[in-house]
Amino acid sequence: MIKIEQFLQQVFNGITLGSIYALVALGYTMVYGIIKLINFAHGGIYMIGAYVGYFCMTFLKIGFFPSLLSAMTICTLLGVTIEKIAYKPLRNATRIAALITAIGVSLFIEYGTMFFVKADVRSYPALTGLLAQKFAVGGFNVSMLQVLILVITVALMFLLQITVKKTRIGKAMRAVSLDKDAAELMGINVNSTITFTFAIGSALAGAAGVLVGIYYTSINPLMGTMPGLKAFIAAVFGGIGLIPGAMIGGYFIGMVEVMVSGYGNSMYRDAVVFGILILVLIVKPAGLLGKNTREKV
Amino acid sequence: MAGFFKKSWAVKLVSLASVFILVQLLISAGFIDSYIQATIATICINIILAVSLNLITGFTGQFSLGHAGFMSIGAYVCAIITLRIGTTGSFILGVFAGAIAAALVGFLVGLPTLRLKGDYLAIATLGLSEIIRIIFTNLKITNGAAGLSYIPRFVNWFWIFIFTVGTVLLIVNYIKSSHGRACIAIREDEIASEAMGINSTRYKVTVFTIGAFCAGIAGALYASYFYDIAPKTFGFLKSIDVLVIVVFGGLGSISGSILAAIVLALISTFLQSFSEIRMILYALMLIIIMIFRPQGLMGSKELSLSLFKKAGKLFSKKERV
Amino acid sequence: MAILSVKKLTKSFGGLTAVSNVSFEIEKGELIGLIGPNGGGKTTVFNLLTGIYVPTSGTVELIKEGKAKQLQGLKPYTICRHGLARTFQNIRLFKDLTVLDNVRIAMHKNVKYGLISSFLHLPSYVKEEKKLVQKSMELLTILKLNEKKDEFAKNLPYGEQRRLEIARALAAEPTLLLLDEPAAGMNPAETSDLKELIALIRDKFNLTVLLIDHDMSLIMNICERIYVLDHGMLIANGTPEEIKRNKLVIEAYLGEDVGDA
């Protein structure tokens, strides 16, 4: 019996971690969908989100939700700035050039942050009141925090779906990702659509940063690298460019990680995730929900 | 034509020999201390890494982020062999065993992954090198995260010079052959090159294997020169280091890679105690080069006497006007 | 004697059938035209013949020295080695390489030295490389590009780029040469030169030629037989005279502009 409870506990932990990966993966997938770039800097933005949340909560003491919003706002600005300065000049460059730039931006954010806040690990302030509660449901423990993470993630995803499906700008995003030139001819402002995509993706990453901060309680300037890569793997797994794909992929990768740690060898956790990536790329590079396409000759 | 070949070979041989003898004399006379020697060793190892990555990325157009992984295989294999046997012969054996092991892994992994295009390949190779690192972190024979230390040092200026010059010359020769041109054709237009009878997968895998082999050599030299190795030495950032050299020198320029390896080693030496600033500088360099000069400092040009002559002509023309 | 026999070739992309049930034969030494309105499926047929697309169904058979070889499903480079070479409608030269290199690369499949020799530049390398340059220069001379051998392909004027595409295809030593709109973007004088060139290389290299073009003066003038594709289907075949009078063909073309592409 204990086994089943333990398993359910792991499942719930997997969902929590998966929520965070899903939020980050959404940014990767939207940006890739629209300009075919693996935005390596995305992990950096997520890290900045965590730091902004940390400073807001520790020094400004403005509470959890205002801190979350501040982190999202600042990450939005950061994402848009990166797009304008580093990626826009390379819109027509080769994909290798754009990818190298993205790696550069990612390193710049990480080591720039390290320069200012130093490499030390910092501890997130503990939540208080209702948010710090823990309760037992049918034999396994759930913290209010986990519920909070899940609720915020689902709410943000819901908002995103509405934006993409129901609004004008969402329609423009879908049009640009299908065919940039045709969209431009149809009077869609491609530049502002791309900017908007970066803005949304970065806001989600910022939120994920704060959530991971309160969940794992420690942050450091290089914390974004691994989760960033894993979130990208999640996006590839689900089918890059597809929003539902990123969500499914995020939860899948989160679950795999927790299960490998819980039942296998946690040392091999990252290796398993990378192994999944290589397997997916070889077996079905378009991902779970994607369709295979071919280059036009 | 044949005379030309001979003459250029003679010139090459003489200049290489004089570089070797000059440095050897300076070392013997004590002008080059161990610190400078270590810098020279780093430069040479980076040259091997960069030139071989350039073959994969610059010449064949396949973006690999996994060079550190292959380097680590060479390093560990050589370290384990020399730790067990401990003779100069075992060192040579270790270098080649390491290189062959790296090449084997490169071949086996390249076969399926090299079908992937551009950024997907980059991520897959990055993932591969992370997997290799994690395996080394968990194996007993590699002593886990602590790594191996007290590796006997057999590398000296002679061996470093031989291996560096050897790999560079072999790669340059390869690029200047019909096989090398086939690789460049794949970079230029894979579909057109396939339609012209070139089996692109075969050449991508060949080049990837050669690159892994050379990275293995570099790793073996590293292990033997710097006494101790640990998995974290060969992380993602090591691959980025090599990429920065290749991009800085020019995708598709061997002399560019060599030059960049030297320049960047000097920059790193100056910034040794400011590792963050070094990384920020590297990052900015990547971004700025990609935006303003994506072909790198040298582009696909090679440093040669004729280039100097051309530059001279251009200069004298300008002066006349 | 047929050299190429295509049976019931079909290609669909998702729900769209680009080429449907196309069958035709080409005799050795013929110069065949493949025409049809834009979007009719001509280039798709080329891509199917050369292995860039895999046919949904149907067969492509190459007959060489009395032996038939199935080509469908083979990789492009294998098909090229069996003797099919092509040019591309949208010019796919190796832009940053020289004219000489473009041609030499297409000769690579016949190069007779291996990896070791390429590393060490052994005598076999020197001998083969010399031969490559010599053969390339012969080809370039025929195509009047010999003086431009060291130019980058991207710096050539348009007409010369088209000629270099032909030179490169010839360097692959085909028995069947597929030319995809070689006259596109050429002025009448260049087209007329091209006409002579195609006739010349056919005789000189003992080739069979399959030619796509919109330039009717070119097609009607030099092709012995013409196939017409419309909406992915073969609607007519015959001599230029027959095609000119064919009602279906006229309708297909009047359905849209008979223009150049």
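Note that the chains take the letters A, B and C in the order they are written out, and that residue 1 is the start of every chain.
Convention: contacts are C-beta pairs under 8 Å (C-beta built on N, C-alpha and C of every residue); 3 or more make two chains touch, one makes a residue touch a chain.
What you are looking at is a predicted structure, and each value in this text was computed from that prediction instead of being measured.
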| item | value |
| --- | --- |
| Identity of the chain that, by mean CA position, is farthest from chain B | C |
| Most centrally placed chain - per-chain CA mean versus overall CA mean | B |
| Gap in Å, rounded to a whole number, between the CA centres of chain C and chain B | 40 |
| Distance between the centres, which are taken as Cα means, of chain C and chain A, whole angstrom | 48 |
| Approximate Å spacing (C-alpha centroids) for the pair chain A, chain B | 34 |
| Shared-contact residues (touching 2 or more other chains) in chain B | 191 |
| Set of chain A residues in contact with two or more other chains | 297 |
| Shared interface positions of chain C, touching two or more other chains | 52, 88 |
| List of chain A residues in touch with chain B within their complex | 36-38, 86, 89-90, 93-101, 103-108, 110-112, 114-115, 119, 225, 229, 232-233, 236, 265, 267-268, 270-271, 274-275, 277-278, 281-282, 285, 295, 297 |
| Residues of chain B defined as touching chain A within the complex | 57, 61, 63, 112-113, 115-116, 118-120, 122-124, 126-128, 130-131, 134-135, 137-138, 191, 236, 240, 243, 247, 251, 276-277, 279-280, 282-287, 290-291, 294 |
| Chain B residues touching chain C - in the complex, by the definition given at the top | 1-2, 5, 170, 173-174, 176-182, 184-185, 188-189, 191-200, 206, 300 |
| Chain C residues touching chain B - in the complex, by the definition given at the top | 50-52, 75-77, 80-81, 85-86, 88, 92-97, 101, 104-109, 111, 113, 115, 117-121, 125-126, 128-130, 132, 168-169, 171-172 |
